[in-house]
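Next up: the structures, one after another.
In what comes next, subunit A is part of two complexes: it sits with subunit B in the first one and with subunit C in the second one.
And now, the complex of A and B:
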């Protein structure tokens, strides 16, 4: 049973350390039961974000961790997927077809742009490649804010979802385990299911013969070429795949928020979050970025209230309450990240695996 | 058959390989000798595609391959082992060889199969590791091997590619004395297979005498001599190249 699960569902990818296995099981169980265990919009929003960002960070890891491609345009592909879903829905086509078509179009467009960037920067070195992607991403931000008619500019696009996904839809009368089975709940599980499937697909890809070639390219592209692998083809395919999956995650994000705008998916702070998730979780491990996504989202949602609680508990003691003042949450967030990178330089998963030898 | 015609590459104004015309016939082992900096490695780079020629051409089985990328040349049967060890350092010894087997089998664009399920690739890689006495180190990262074992792995990767043309660039350099025979025996074994062509850059004259059917001498990028080992090794050019004695100076 365990062997079957490991082989067919996880594509033979071992978590590599009991603690990683435990964390992954914990994360999955938590995501599955959150709507019932911790009812409320905040917890469900946080949980859906974790699921979506795990896919986004995982897709970035395919490029960065597995192939060694340092792109700074990954948030742009996320945004392309989100806009591709938001535009038809905000335009008045409120239907499943709009979501499906938006997802597909976003993925294809993102893959095409990623492939074009990789091919056009064929001969440049890593650092220049990163600069080029940064420039493209900045340009995309300008476009998104300028093409107001299409994207809604700075304000973005709000829209409604098909009836079955709207909060006023009730699948069952009354409550199940104290929770209304409404459109919101359906949306949550739909997103979770889609994210899970995408994640398993990525596990499959990195453990395929193709995935092994990506590792070879990361390790020594020159040698991979000498073996007979056309490096540029593999790099292009890896970028395109990563971009397409990021776009699908973006589509899910638009569905979750029933909104898309530059701040939600396109801004540099999204790109920084992606980088942090991958680095904190462990590059080139795929499981790591999923855990990294959980760390970042939990910190963003719960660090401030946690500090508030701590400050309240320490009232009367000099200095400490001020130190844990919830207004300083960004400072603590920064320290948390520095701590992670300092104490777990290969990320959560990478460092644990290494410790095990 | 492999052939170079007036093959030339210049770095700045300096020609590192200068108009080399030479044919390598199937089933022969040609040793390439010459002093340091003579252009031997550069000549290899031009043949296997790591460098592009400034002028001249490379032909493989009659087809012009001068401008093909290295990967296409490898798929046509040109296999190269490098003078400076050139491995996938963080991947296991087995995975290094398995990738070569995978490349040879032409399995690269399979996105959804499981690499681990291709047991035939794994078995072939293990068989190659047995041949170079590295099977017991299969699970170790390549970077953790001793220098001598890394050289063996470099050779194992070349074997795993099953090329028609084997290019060895000083395969035994830096190896301890007791490791050298393993590699020489391997090259000897490849040589028995009369379908294969071997190019061997080698400084040790006893090795050249033992293995080579033919020796060519490169000197300052030019083809300076070409002939049977016993003739060439004794010739003035090689004496000059290796001993710095100019035959005409005496």
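And now, the complex of A and C:
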């Protein structure tokens, strides 16, 4: 049974350390029972965010951790997917077709743009790729705020979902375990299921022969080319796949929020979050970014209040209150990030695996 | 001679763009836009020169370069605020003195921050591109937050010296005076860099290091020490660029570094990573096209820089004036 699960569901990818296995099981169980254990919209929103961002961070890991290419436009692909779902729904086409078509269109568009950027820049020099993606991402931000008619500009787009996903829809009469089985609950489990399937799909991809070639390219692109693999083709495919999955995650995010705007999916702080999750969790492990997503979302919910408390306690001392101001929480995450890149470049999961040998 | 035969199309590109723009607008407009483009180009060159030299010498791509631009801009705001009487005086000498003090202070502050950054952060990640990109992106976040903690989240006003405000008329075109100052300073720095690189012993070592680092090390020179000098000089230049930009805009926000980083990256990619001459040509080209397109088709202005970069890369995949290696 365990072997079957391991081979066919996890695609043969071992968590690699008992602690990692335990954390993953804990995370999955927590996500499954949150609506019943901690009822309330806030906890459900946090749990859905973890599920979606785990997919987003995992997709980034395909490019960064497995192929060794640093894109700074991953948030843009996330946003493309979110806008592709939000635009038809906000335009008045409230139906399952709009969600499905938006998801598909977003994934295709994101993959096409990623392939175009990769072909243009990786042909030249790998380091160009990071710089060009940064430029393209900033261009996308300007575009999203300028094309007000399509994207809603800075305000973004609010919309309603098909009736079955709205809070007023009741699947079962009364309560189950003290919780109403309504559209919100349905949305939560649909998002969780979609995120889980996408995550297993990514495990499948990185453990396939294709994934092995990506690892070979990461370790030594020149050698991979000499072995007869067309490095540029594999790199392009990897970044297109990563972009498409990020777009699907973006579509889920739009469904969760019933809204999309530049701050929700497109801004540079989303990109910073992605980098943090992948680096803290562990590049090139896929399980790591999922755990990283949980760490970052929980930190977002608890770090700011904690900083506020510290700042209040330090009033009167020079300099320190400004540093512990809750608006400066990115400072502390940034320091954490730099610390991880220095001292634990393999992240939580990679370090645990190495310790075990 | 062979270099020149290869390089002339790249060098002629910016003048060609300027000439091409002439028939589609009247002369006064053209003069005003060309002056604006040249000034913007010079400021971009100041900001980008250090980045490209740092990359050329040590193969380090510093994503936190924009933080030094921001630092320079905020130092300029503080200095100009402290010297308000000089800035407000209707006296060219005092105005220029205030600007000079701001430039020196910003260069010192950015250079000192650059020294700390190189010693504390860059030194440990030589040779590892992936780690370099990640750590400098992290450094950019931390530096931006520290600047916000020091100067606050509100945009800061910067006083433009009185005699440098306004514009004068040249052949029917209004040209802002401050733009002339920016062009003069940019040309001065470019000339000084070329002189240092081509006529001094240190410049010889830097150029040799860019061509072949191991060989310079094998000959017994301490390339690390040389690199620290280049890094500090490069970040100081970024600080000076920040001052010029801040006084030009008369307003500083913490996002200025991140915004300029994008343009700076486009400039160094267009010029060819590591090449100072290419950086100059690329900066002028970006400055000119931004202003022409902004006038001719404001809606296209957003994408014009990216389109320019794509076109240049399709023509010359390694940039306008790539390094020899």
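Note that in this section the second predicted complex is superposed on the first by the 311 of 357 C-alpha atoms of A that agree within 3 Å, B and C clash if a C-alpha of one lies under 4 Å from a C-alpha of the other, contacts with A are read in each partner's own complex, and residues count from 1 in each chain.
Criterion: a residue touches a chain if its C-beta (ideal position, glycine included) is under 8 Å from a C-beta of that chain, and two chains touch if they have at least 3 such contacts.
In this text the structure is predicted, and so the values were computed from the model without any measurement.
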Contacts of A:119 with subunit B and subunit C, given as first, second, both or neither: neither
Touch test for A:25: subunit B only (first), subunit C only (second), both, or neither? neither
Examine A:136 and indicate which partner it touches, taking first as subunit B and second as subunit C; both and neither are also allowed. second
According to the stated criteria, A:127 is in contact with first (subunit B), second (subunit C), both, or neither; which is it? second
Quick check on the superposed pair: does A:219 touch subunit B, subunit C, both, or neither? Answer first, second, both or neither. first
Once the structures are superposed on A, label A:208 by its partner contacts, choosing first (subunit B), second (subunit C), both or neither. first
Shared subunit A surface residues [contacts with subunit B and with subunit C]: none
Subunit C contacts subunit A in the complex at 61, 63, 121, 124, 129-131, 133-135, 137-139, 141-142, 145-146, 148-150, 153, 258-259, 261-262, 265-266, 268-269, 273, 302-303, 305-306, 309-310, 313-314, 317-318
Subunit B partner contacts - residues on subunit A that touch it in the complex: 7, 11-12, 204-205, 207-213, 215-216, 219-220, 222-231, 234, 237, 241
Taking the complex as given, what residues does subunit B use to touch subunit A? 48-50, 69-72, 74-75, 80, 82, 86-91, 95, 98-100, 102-104, 107-118, 157, 161
What residues on subunit A touch subunit C, complex-wise? 64, 68, 70, 72, 120-121, 123-128, 130-132, 134-136, 138-139, 142-143, 146, 268, 272, 275, 279, 322-323, 325, 327-328, 330-331, 333-335, 337-338, 341-342, 345
